[in-house]
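First subunit A sits with subunit B, and in the next complex the same chain sits with subunit C.
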Partner chain A sequence: MQRWKQGTSAALVGLGAWWAWAVWHAPLDAVQGVIQKILYVHPPLAFAAYAGFIGAALAGGLFLVRGNERFDRFAAASAEVGVVFCTLMLITGPIWAKGTWGKWWTWDPRLTVTLLLYLAYVAYLLLRSFTEGSERAARFAAVYGILGAALIPLNYYAIELFGSRALHPDNLERGSLGEGMGLPFALGVFATLAAFAFLLVRRFELGELRAARAEQLARVAQREGA
Partner chain B sequence: MNAFLAVLWKDLAIEWRSRDRFAAMLVFSLLVVLVLYFAAPPSLDAAQNGYVPGLLWVAYVFAGVLGMNRAFAAELENDALSALALAPVDRGFLFLGKATASFLILGVVQALTAVFFALAFTLDLWAVAPQLAAIAGLGGLGIACAGTLLSAISVRTRYREVMLPLLLLPLLVPVLLAAVRATTQLLETGSLPWPPIQMLIVADAVYAIVSFLCFEFVLDE
Partner chain C sequence: MSYVLAAYVVTLATLFGYALRLASEARALREEISRPRPNGG
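Entry: the complex of A and B
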């Protein structure tokens, strides 16, 4: 088990190094210059953040249906890692925006919904830590996670209708990247998602260990009490 | 259905006898209007500034959060909340009773706040009173539905008064945005703007259905 983790960590570091090398050697964008290289970091972070939030909502729903606490521990891990990646995305985004749009932030639907989603999942983590009793915290968090995810389309639609105009580009289409930009971008997506999965598994394991330890302590207390 | 009416009647009777939730919400929302007035430049002509009517929703949301915080607080005494959860009825109807009571209390606060707001900013809200009431009602319904579900959650956590706004506000955005746009456009044109009203109806329906279904999971026995 330990060797497996060391191997994966080493592979991740190697992948990260390859990615950094590819980004370094990627061609400069004719219009945006060097700031455009955030492209190889920012969208991959967004994919990982969304994956984390969707994973938390799905696992929460499974917990409500099946009642198995392992789903809840997966949801907690997924939300926490998702928030980490979302934080990084919200840091890299404004840097890119300042370089290309000339301002740090716009109230564009995509940005606004992402910010709201971020705030909702930070509240989700607070809710978990402020609720006593693991079963209750699991139920509350699952309901809130589902609510948060269910409202994404509604939020998006509302802001698109009544908010400000869009500056953020739509999703990349095939062939919209310049020559030589495809490899570093693909590497970025792959490395970020791999890092996300690695952290998710490690965080999930930590939750499992904590639960096992709590169970063990409860058994010892029971034996001593008897 | 009887459970719905029983819970609604119970909540309204308690409120009628004490009036403390209503009084707290009203005083707070008047104070919010006062702060908003102080924040505006002295030379402000409210009728010429499109954003001013939308400020009404700042007071509504704060009053709503304050009121929703109290929605389940009284149930904690003598562990009445557990008794409510043990009642052999569909919990969805308990939700409807609680939400309707909050909606009605909020409605009265909204009406009185609007009067004070109109006086403070010298806006002619009286001319559009029925339409404004419709928008305030639809917005209030969203606050009451989402608020009731999340209040049942937050009342069982530590720092419950702090937890509710953190949980509620990110989810209320569709309602708030549509309600603010509807109010602003109503004051500009004098008639009900249809697209934000549609958005309000859709958002209210989503909140009501999801909260009705999820209420099952947030009550503890």
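Entry: the complex of A and C
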């Protein structure tokens, strides 16, 4: 197990180094210049955040159907890791905005829905932290997580839906990247999703350990009370 | 260039810090779970 962890950590570092090399050597954008290089980190962070929230919704659904607490713990882990990536998306986005639009934030439809999505899952984590261990709260969190995931398509298609009112650039499509920009972007997506998977496994393991420890303490308390 | 560096440094430092926090709490919990108890708990 330890060797597997070391192997995956080393592979991630190697992948990150390859990505950094590709970003460094990527051609400069003719319009935006060097600031456009944030493209290789900002959308991949969004994809990882989406993956976290979708994972929370799916695991929450499985918990409702099967009643297995491990699905509930997976949902909590996935939402937390998703919030970490969403936080970073909300940091890198304004940095890019400041460099191109001249301001950190604007109430553009995409940005507004992203903030809503973020706050929805921060509230999910707060709810879980206040009601830890409660079966009823776990069921409520599962339904909340499923409903929260409905914001993801709204977030992704916000630009198409709100048309000319959107300041945020369009979603990337095949062929929309300039020559030499495909590799750093693909590596960015791959490395970010690999980091997401790595952290999700680690966070799920931590949830399992917390549950095992709580069970152990409950057994001791029961024995001492008897 | 400083904006680009800030975006990448904040991202990498946050992910690395989060991974360390998870590893540290997991290590502490493993030690607590495996620690032998005088009352056998």
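As a working rule, the second predicted complex is superposed on the first by the 204 of 226 C-alpha atoms of A that agree within 3 Å, B and C clash if a C-alpha of one lies under 4 Å from a C-alpha of the other, contacts with A are read in each partner's own complex, and residues count from 1 in each chain.
Throughout what follows, a contact is a pair of C-beta atoms (placed from the backbone, for glycine too) under 8 Å apart; a residue touches a chain by one contact, two chains touch by 3 or more.
Just so it is clear, the structure is predicted and the values come from calculations on it, not from any experiment.
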| item | value |
| --- | --- |
| Touched partner set for A:132, first subunit B, second subunit C, both or neither | first |
| First, second, both or neither for A:15, with subunit B first and subunit C second | neither |
| Which of subunit B and subunit C A:183 touches, first, second, both or neither | neither |
| Subunit B versus subunit C as contact partner of A:45, first or second or both or neither | second |
| Residues on subunit A lying within both footprints (that of subunit B and that of subunit C) | none |
| Complex contacts: residues of subunit A adjacent to subunit B | 64, 116-117, 119-120, 123, 126-127, 130-132, 136, 139-140, 142-144, 146-148, 150-151, 154-155, 157-159, 161-163 |
| Parts of subunit A lying in touch with subunit C, wherever the complex brings them together | 16, 20, 23, 34-35, 37-38, 41-42, 45, 84, 87-88, 91-92, 95-96, 98-99, 195, 198-199, 202-203, 205-206, 209-210, 212-213, 216, 219-220, 223-224 |
| Residue numbers on subunit C that touch subunit A, as the complex places them | 1, 3-4, 6-8, 10-12, 14-15, 18-19, 22-23, 25-26, 29-30, 32-33, 37, 39, 41 |
| Of all residues in subunit B, those that touch subunit A in their complex | 146, 149-150, 153, 156-159, 163, 166-167, 169-171, 173-174, 177-178, 181, 195-196, 199, 202-203, 206, 210, 214, 217-218, 220 |
